[in-house]
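To keep things simple, chains are lettered A, B, C and D as they appear, and every chain counts its residues starting from 1.
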Amino acid sequence: MATIKIITAGESHGPQLTGIIEGIPSNLELSEDYINIQLKRRQIGYGRGGRMKIESDKARILSGVRWGKTLGSPITLVVENKDWSNWEKAMSSKEDAEGTKEPVLRPRPGHADLAGAIKYNFQDIRNVLERSSARETAMRVSVGAVCRKLLESFGIQVGSFVIRIGSVGRDYVENAQLVELFDAAEGSPVRCPFLDDSKGMVELIDAVSGEGDSIGGVFEVFALNVPVGLGSYVHWDRRLEGRLAQALMSIQAVKGVEVGLGFEMARRWGSEVMDEIFYEKGFYRATNSAGGIEGGMSNGEPIVLRAAMKPIPTQKKPLRSVDISSKAPVAAAYERSDVCAVPACSVIAEAMVSIIVADALLEKFGGDSIEETKRNVDSYRGYIRGF
Amino acid sequence: MATIKIITAGESHGPQLTGIIEGIPSNLELSEDYINIQLKRRQIGYGRGGRMKIESDKARILSGVRWGKTLGSPITLVVENKDWSNWEKAMSSKEDAEGTKEPVLRPRPGHADLAGAIKYNFQDIRNVLERSSARETAMRVSVGAVCRKLLESFGIQVGSFVIRIGSVGRDYVENAQLVELFDAAEGSPVRCPFLDDSKGMVELIDAVSGEGDSIGGVFEVFALNVPVGLGSYVHWDRRLEGRLAQALMSIQAVKGVEVGLGFEMARRWGSEVMDEIFYEKGFYRATNSAGGIEGGMSNGEPIVLRAAMKPIPTQKKPLRSVDISSKAPVAAAYERSDVCAVPACSVIAEAMVSIIVADALLEKFGGDSIEETKRNVDSYRGYIRGF
Amino acid sequence: MATIKIITAGESHGPQLTGIIEGIPSNLELSEDYINIQLKRRQIGYGRGGRMKIESDKARILSGVRWGKTLGSPITLVVENKDWSNWEKAMSSKEDAEGTKEPVLRPRPGHADLAGAIKYNFQDIRNVLERSSARETAMRVSVGAVCRKLLESFGIQVGSFVIRIGSVGRDYVENAQLVELFDAAEGSPVRCPFLDDSKGMVELIDAVSGEGDSIGGVFEVFALNVPVGLGSYVHWDRRLEGRLAQALMSIQAVKGVEVGLGFEMARRWGSEVMDEIFYEKGFYRATNSAGGIEGGMSNGEPIVLRAAMKPIPTQKKPLRSVDISSKAPVAAAYERSDVCAVPACSVIAEAMVSIIVADALLEKFGGDSIEETKRNVDSYRGYIRGF
Amino acid sequence: MATIKIITAGESHGPQLTGIIEGIPSNLELSEDYINIQLKRRQIGYGRGGRMKIESDKARILSGVRWGKTLGSPITLVVENKDWSNWEKAMSSKEDAEGTKEPVLRPRPGHADLAGAIKYNFQDIRNVLERSSARETAMRVSVGAVCRKLLESFGIQVGSFVIRIGSVGRDYVENAQLVELFDAAEGSPVRCPFLDDSKGMVELIDAVSGEGDSIGGVFEVFALNVPVGLGSYVHWDRRLEGRLAQALMSIQAVKGVEVGLGFEMARRWGSEVMDEIFYEKGFYRATNSAGGIEGGMSNGEPIVLRAAMKPIPTQKKPLRSVDISSKAPVAAAYERSDVCAVPACSVIAEAMVSIIVADALLEKFGGDSIEETKRNVDSYRGYIRGF
């Protein structure tokens, strides 16, 4: 990222998740309630395990906002662990709590467990899994909500929907009505806008759950009304699709990312997938195979991305592993987990896309107060109308 | 990137491409010949247009190397434009050459042309296309070769092969013999290791070419013998797969990236895609669905990535566009171009993977001389054996 | 910074200061008590105003440390505002608290007040001064303590002492016995190791205080036992003295920074200030005019820096200013403040030096666990012995 | 730096110096002639050694500029070594030239020589001194000229003058008429605007030269018409004085940096050094002790900095050293060098200040074309008038 700086912190069962976001202009309206709506969206979805049901996450704002508006200074967000009293010893920062919890010795395939223990020289895998857990995405969603609020000031909307769970669903939706699909998805237990698919997905999750297994899927995430010209072709690390790809691929369990038609474009001929250019009171396209990005830049069409989430690797049905201490064959550890987290993953992906687009927007338009950034964006939009 | 800094520069028809790479340890053996081997690999492949046939690119080393070894100082690489005498006026940096070449006014769909002209306020699309052109990847391959040389010091090998051109080929190769496939690919005109596929791809390219159309494809790129623990789960921007995804997605025309089984993992059940853990004189896996990355880190298995390249958008068969000056409907501009560049793209992807893995390696191991970095890597490898 | 990432946050009268430090290796012993020793050192010093007397700052560790050892994950530190109950409305993040405190309209010369209000578009200068206040340095000292702990693992010691308050004291101490001066300073009310100067400084502070005025000074900060070769000459932004200069100059009210003999070197002839090179079981110097840095690198001698702090601009004796709303001439606002904060500033400077040296050390030696970094440092120190 | 990226490269006697600057908006007028004016200013000054007299440096623009205007793409600058034919073997990148020049074994005190050889594991100090040499500042001046051109678009002027050489001159010039002093300095052989001082400096240099010794000095560098609000107090690494301090301290031989009255402020009382605030058709100050920076931000007054340059450590009169191979006491190596380079250093400092101010300006105002950045700056300046 070029303009916004973010650090998140916190162990899964530690006292809290913390995030600081630096680089947001002043005078942006921001409230805890606004952030909490996104946190709630992250927690729902058919197929989640017990943990999610405890109580909903709440974010607190502990710096950078006064009387409902940002100060231009770093914004501190905190999401407390509601279950901390049960973990105070096990996750204490203090030396005298050492040994109050049995070490985890059986690395789970597909997780950070084994490589993490080797990298950081741990004899207790808990020291890895507490941070590698997708629990940290609650903070990504929180800081992403701040960026989402910034984007709303400029009429930019970010959303998502699920299109595949395991064998049920589809690979892509060509030239989709994104807002309608998003609205439909918000009413589905699996965030899938297609009714039949949605039902089939729920049934599949039940079947998978019955076997003690897990299942992944594919979702689409989009951003609407993004100005032409975010990102750039002038240097490889400025390309918007590259930055978005990193952001999505960095979500736990994501193993594939596409822009626009993605892998399908590799199957078709050139004349079938180019979005021809037309003009009527402005340039426009009739199709959007490119997913709103050409030459590393937003081209004014909806930005459309897709990501594949693998099945969650923690499973009731035990996988084979090795005890890191004795080196004996064992069944992998099992921590309470979800059967399917694709709907949540799509909400996390919205947060990551919000972060990247907000960063690219501030990179292009600058501004220390929201009023200044708006002046600059408006002036550019006026210039485009006259181009 | 965290440790290595790279800037590349140069217009497609300008006097030269230039790249500077900062952060390579001293005393690494490096020669122009070594780099030129990679530049040559980038230029071959069935389906390339006329330009590639001119003469092969040559890199010159203009700083940072003395008597065949790196100095620890920034390394300057230059690839000259052999055709510069024909472009001296058109691409002159001097004001008095203004107007010596007709402006390009017809933006090509699928390219940076239109968004770039708007973003940078140009009335001549040549000012965009000269830099957005994939010509700049010759410099990526050059700096990537420096990183590849560094990786070789540690026994790390990077390679690639093509698995799909348009409708011909396959989506992935499960648990592949990577070195054998690479060796076979090096002998194929389309860098595809499967003989029948290779033939079919050549035929398809001929057919597409006959129609004045273009075609894309899918390739696999891998890195072998990467130590456990490059990248990290502790913060999202440290995750190795995210950094690799950005690097690959930043290549012109790439629209999709996968790690390991990628999108296929979204179709299967959890128990089908987890790489179980075994031990015999060290931890190992029998499968590699994860593509060598778990929890944002290399896990010691081969790193396996896949990318989809869209068809090149410059086509003989004209696409509809709009003159940016008159706003009248026109046929898009045509610049001499390739019909299919997937084999070249796979070589470029090797360069990008080399850059990211080298960066992650130096991030973990530090070192100012190659001797120091080796001491640190060897010491870590010894530690792993005792883990 | 290259390797360690830090963000700090928090308003002076907000609920808390927060800091996250990312990039510290695992298995480093760390406790709140250790950090609190540094926080206490920051709060003492003759000439501090009322605020400091309230109660001593305490840091809490809320992530990244378990059972007394770092986890390799981001470390969250919090210093709570003991006076928060009196500021809950005035500094609330919630919109409905708006207007519960009168706006500050009279910018103080020498502070961020006026430029800050213009930059961020505020009509209440409190929105500026809450973050521009040197209160935030409590968090710098906290994160600096983490870096100091890391440095101690390698035998590196960081300290400071005051050499001038206003007209009392000296400009530099040539080839000083740094540890002895540090020890003496720790017993002085103004952190000055020279008894007569120390007394004179206290008297001067009393005199200045009596006039409702304020006073600054000069301090020296050093780092001992730093390995040869941190920082580099290969690129300007790698130079260690530049990074240290930024770190010190970024402390509120610091207006000058020197390395070694500093400005005095501009007065002398070359033959008077070069530290000649000798050898006896290793290279050494008899003098240290260079302050331990040659060619942008540590040279193995003590790193010696000096910084000048201006008088604190908040004064009882009113300065002329202008009401930002009415534009009428007014006396500048007065917030309870210190008469002299040079002793505290020297402790803050130790923190900043600790951060930069730790960053440069990890940049050179890498390592994910403290054991790995130690192996790498030891191996390098062995190599130097054989050079 | 936040917005502009720069890498420079090149050994002192290598074929060329190369620099790439990334992040300059499009449509900025730029010519080689403009850059060469600055390169020439760097080469003059009484007290320079033989090398400077060879022939003046010339920059060539090899990318990023077409027909006299920037393209928004990375700008490549090259300054060739006019003496390359004499060094082709000694500095060849090719392995087969190894041994064609005797190794340098006698490290010069005050230089990078010894620490550099240890850090990078060299047995020939030429591998260090070729890059650590101040020769590389010719490229800093070149890229600085690009930034200077950008600043001129906004009416920002950067200049400097010398105020001390050794014992001759003064420590600071309070509330100076900067433009007049700059103009006077341009006519002085030592860039000193005060006639008597200028004469005394020349005499001193002659005396020092006669002894085979060297001498340093102090210069002032300034930037006029910088908008209020560049840099920020919200995070320590955003503070403008810190970024400027790093930039100046990173120049070879600079050992001290001051902002405004600098160290003198540590001697005076608060009421003597605060720049009170007045209003008449806008806020203004009658004094400028702060040097144009309050709270880490430009405050609209001239930015005034001062730096101390130590004597050049290469001396005819030999310093004691040690042969790195035999460990025997020897006289330090002597490479042809200057007696006094303070005037040149002040020009280099102008370049560094131009880079930092341009970076901070683009950070605040964004913009991809110079027209867009201008719109944003003008809009902000209009807003300030109404504040």
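In this text, contacts are C-beta pairs under 8 Å (C-beta built on N, C-alpha and C of every residue); 3 or more make two chains touch, one makes a residue touch a chain.
The model shown is predicted, which means the values in this text are computed figures rather than measured ones.
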Co-neighbours of chain D and chain A - touch as defined: B, C
Most remote chain, CA-based centroid, reference being chain D: A
Which of A-B and B-C has more C-beta contact pairs: A-B
Intercentroid distance (Cα basis), chain B paired with chain A, Å: 26
Rounded Å distance, chain A centre to chain C centre (Cα mean): 37
Cα-centroid distance, chain B relative to chain C, in whole angstrom: 44
In chain D, residues with contacts to at least two other chains: 7-8, 22, 72-74, 119, 121, 131, 229, 232, 234-235, 368, 371-372, 383
Chain B partner contacts - residues on chain D that touch it in the complex: 5, 7-11, 14-18, 20, 22, 25-27, 29, 31-32, 61-69, 71-76, 91-99, 119-122, 127, 130-131, 368-369, 371-372
Touch list for chain C against partner chain D, complex: 1, 7-8, 107, 109-119, 121, 128, 131-132, 140, 164, 166-167, 171, 208, 211, 213-218, 228-229, 232-237, 239, 241-252, 254-263, 265-271, 273-279, 283, 285, 290-291, 294-300, 308-313, 315, 317, 319-322, 324, 327, 329, 332, 383-384, 387
Chain D partner contacts - residues on chain A that touch it in the complex: 2-3, 22, 72-74, 229, 232, 234-235, 362-368, 371-372, 375-376, 379-380, 383
